[in-house]
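Going in written order, the chains are labelled A, B, C and D, and every chain counts its residues from 1.
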Amino acid sequence: MAERPDLTVDLGRGLCLRSPVMVASGTFGYGFDAPEVDRSALGAIVSKGTTLRPREGNAPIRIAETPSGMLNAIGLQNPGVDHVARVYAPQWATWDLPVIVNVAGDSVEEYVAVARRLSGVAGVAGLELNISCPNVESGLQFGIDPVLAAAVTHAVRAVTELPLIVKLTPNVTDIVAVARAVEDAGADAVSAINTYVGMAIDVRRRRPIVSRGSGGLSGPAIKPLALHAVWQVAADVHIPVIGVGGITTPDDALEFLLAGAAAVQLGTVNYVRPQAAAEIHAGITAYLVQRGLPDIRALPIRPVSALAHV
Amino acid sequence: MAERPDLTVDLGRGLCLRSPVMVASGTFGYGFDAPEVDRSALGAIVSKGTTLRPREGNAPIRIAETPSGMLNAIGLQNPGVDHVARVYAPQWATWDLPVIVNVAGDSVEEYVAVARRLSGVAGVAGLELNISCPNVESGLQFGIDPVLAAAVTHAVRAVTELPLIVKLTPNVTDIVAVARAVEDAGADAVSAINTYVGMAIDVRRRRPIVSRGSGGLSGPAIKPLALHAVWQVAADVHIPVIGVGGITTPDDALEFLLAGAAAVQLGTVNYVRPQAAAEIHAGITAYLVQRGLPDIRALPIRPVSALAHV
Amino acid sequence: MSVAVAPAVVAERSVAMAGAVELVIFHPPSAVAVAPGQFFQLAVSAPHTLLRRPYSAAWSDPASGRIGFIFNVVGAGSAWLAALGEGDELDLLGPLGRGFDIDGQRPAICIAGGLGIAVFPGVVHALIARGRSVMVLQGARTAAQLLPASRFAGADVQVSTDDGSAGHSGSVVDLLTQYFAPPLGEGRLGAVDILTCGPTPMLTALIDAARRHEIPLSSIQVALETPMGCGVGTCLGCAAPRLAGGYLLTCQEGPCVRADRIDWGLMTDGFHG
Amino acid sequence: MSVAVAPAVVAERSVAMAGAVELVIFHPPSAVAVAPGQFFQLAVSAPHTLLRRPYSAAWSDPASGRIGFIFNVVGAGSAWLAALGEGDELDLLGPLGRGFDIDGQRPAICIAGGLGIAVFPGVVHALIARGRSVMVLQGARTAAQLLPASRFAGADVQVSTDDGSAGHSGSVVDLLTQYFAPPLGEGRLGAVDILTCGPTPMLTALIDAARRHEIPLSSIQVALETPMGCGVGTCLGCAAPRLAGGYLLTCQEGPCVRADRIDWGLMTDGFHG
């Protein structure tokens, strides 16, 4: 009987997680509203996207279901960074689970201001820069251009010592170029990916379902796309890649870890099966035990090119 | 009782279809192998991607199912343009259904050579340039760069009088830029979209499922993404846009027509429900009748921006 | 907030009224915990679906550990639920949200359109149990689609149908305005609690009527139906326009809210289709 | 090619052997049209699935209009099929592909591993009907997973199990090599038709054995199982490596092909999992 395998993850700059299973931004609120299930399987919580000032978000309808997926255009409804720092962070500080704040903004200045406000605040374990939100004007702007992506990363890096994860958008021709740019600009890790821009039309009312017209697609439908993005990025950058997109089962999570992800984030599945994190943690453990692997760092497989000879 | 609405479509350069429902390339072979169902609902057949010389395609495994979708990496297995022109075209010439040949290649020269060989061949109703195949080396090359896309379109345009459709890839940051480029280069219409590059990993064998590593994602899973692409392109170009991606039901097809598509192509659904085309044609007709609309040109809705005031 | 994620079992399936299925679920913890007007997120395993589906508890019986849901088939999820039979498992998340405020002694009027009636059997039962006088105003397309008055023991049930096949021919809102019509009705203004649920067009019509007849919106409680992702407050998908500006989360602050909190001008019908 | 897309009805559901379900479908046109070794594409409505699932007809009875499928549950689609019961509808596309060539008079050996046995009841019946002498060699993990010999009336049935719980302890391929072992066996070389179906590892083992014992591959017919998209020849997804180079389409030129047409060196196990 092999001893329990090591599932801890080091995302750099002292951000060590007890589990590679995190919950993705926007799908777990600020950690207070999710259904009460055992959280011991979680490595970290990533908060809802947080901006400098409070935001009311987009008008209804904000979500629509699509085949094995959902569209959302929430519009970054959030109470603003000050409320997060004053009211939420102190409570997080009492938890045994690190909370990473997902940071959003319309300008480099806003990202910097939010990061500054959160630096040194007890309870804030790290930042995830959301340069990939498709649901606000200028949301994608930073994420689709390597130069802008590097600029915002660099500017935030300059004002905080917090572990810095940059979340990539898949709505680009070359995600690797953006990943490389933010790595060079000082990101400690990247998360891939945010949602894919999509749309659904109400044929009876003859108008888009979500008020903004378009929304971000998430859920199992995008898993193969997200996996490919992670596969590409992980082969290229030298910082940890956090895989996110459609993960629902233990095998889904293993696919991302095999593709080279250091950790995974669960998003939409949290709405459907709050117990998913625990099941996935158990599934990863069982997989390692069956194969006598000591830890998850042993999981990544070789690049496809090498596979030709298998 | 309103009279039967008009479902005919004019794709330009004399290519008029009796129905807006076409079958997509690679999902209907060359029109000989599909299950025998009534084809009167079809407006046109688009053939499998055809290259200058015969191709054997990729090694197995070539396909994998994903949530509400499938990955394929066929690798353009086809008998070559000469066989198509000599053996298939003469039979097509006897059909009451136009057949459009999907043209693929590794170089501008190859696209041009294939187009030349098909020009003036009885039974060939038009060409669809596949500058968006993710499953061969250099397959995407042309589709992701507006300049190259324009170059190949322009070169083919120069050697043929056949109706010319250019099929766009969604694996880009800005699909509208590519659409505009091929319109300016002389395309009579564009079809949007080809598959999204994705991946699936066999966690037991610890390797990608499809031999090529990555594959193209199709099926209902991508419908919201394809719809958004069509919505964007249709608002920008002045040539007909053919919507393709995940269409399974009459409502799916209507979503694309409402988004501004002049016609639609059914792909993966042909494998699952051969009777889908007939059902969709009937559904579109019923929709027009219920609303007293004379023809499908009356379907497109306004751009989202205008919807804000609704 | 605390919710139960638990597999429950279908104890009974029947037809509540024309076009509506009633599922009786055996799940003691939920039957005990649920308050009138609260809802559950039901997991469905239909082709191509992803999210849970929100359904109000129609009634619950802590003693027998049973809880009822009444619904119609509008799509893949409800079709899957409607196909369940006795003994099948059902994964429910809840109880969720805020139910109706049923305390107080004033007479109560429960007014529902279409499937909006589904939430009221339990509500009426709870009101009666509190010794309150209850009037149920139910509107439907046709007589067959009315939930039988027997489901509202102790209440004065009046109905309306679009086709006039039963009760008042027209909108159920007319029944309400008649109730408040002078001379008799004036005294009742503001002295009655109004609880309502129904399609958005019916709700907005009711609000307009209330304004015309000076029925204070604060005396009206509405069970809202918006699309829902999570049902617990994490997705922010169920926004409803607040009169004070911004949005409230239907799944957290609702589904039952006082009508004066909503900006009815911005209230779009929550649903496509 | 002509296929029937038709809703059929489940006439019977039973357990064929441990871990394997047998569905009997009532669909006269298919029962009449299908040849031994052909398959159908069955539509499944399971959560998140998309494609039809290919299944060989285990047997068919034109007289009663019935056709049987024997399968095990390996994922969502087969789980959905296994949950079907009498009276449920099933949408099948077929019959598809090429069955076994069962003409001629030479003795025939049907050798199967695991669920590969599913295709043989109908094949054996057809061979016997043609007056041919038939031997069935069936391998399974354990005795309980063997399809009863009674399903192969008129044939000489020999079995092997990995755990030795029945028949020869070891691979079913050993039974074949024993049959061809000298001195008795030599005369049989090339004088027998061999029909086989099973997991790729078993097939490759069989091919190796055939080469060692100089059993001509042309005398072996293999029912291939590759992933399938369409089942009719339009998706090109079911490629199998041809010895002559390039690939053949399992759904069109197969699933039953002569072993000498396949490049066994390039034959990867068609399936993940």
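To be clear about the criterion, a contact is a pair of C-beta atoms (placed from the backbone, for glycine too) under 8 Å apart; a residue touches a chain by one contact, two chains touch by 3 or more.
Every value quoted in this text rests on a predicted model; they were computed, and no experiment measured them.
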What chains touch chain A and also chain D? B, C
Most widely separated chain from chain D, with each centre as the mean of CA atoms: C
From the C-alpha centre of chain A to that of chain C, how far is it in Å? 36
Between chain A and chain B, tell me the centre distance in angstrom, where each centre is the average of that chain's C-alpha atoms. 33
Chain C-chain D separation of Cα centroids, rounded to whole Å: 55
At least two partner chains per residue is the criterion; list those residues in chain D. 48-49
Each of the following residues of chain B touches two or more other chains, namely 67-69, 219-221
Which residues, counting only chain C, touch chain D once they are in their complex? 45-49
Show me the residue ranges of chain B that touch chain A in the complex, using the header's touch definition. 66-69, 71, 144, 171-173, 196-201, 203, 206-208, 212-215, 217, 219-225, 227-228, 231, 246, 251, 254-255, 258-259, 287, 301, 304, 307, 310
Within their complex, chain B touches chain D through residues 26-29, 33-37, 48, 56-65, 67-70, 72, 74, 77, 202, 204-205, 209, 211, 219-221, 268, 270-275
Show which residues of chain C lie in contact with chain A when the two form their complex. 1-3, 5, 43, 48-52, 93, 226-241, 245-247, 252, 266, 268, 270-273
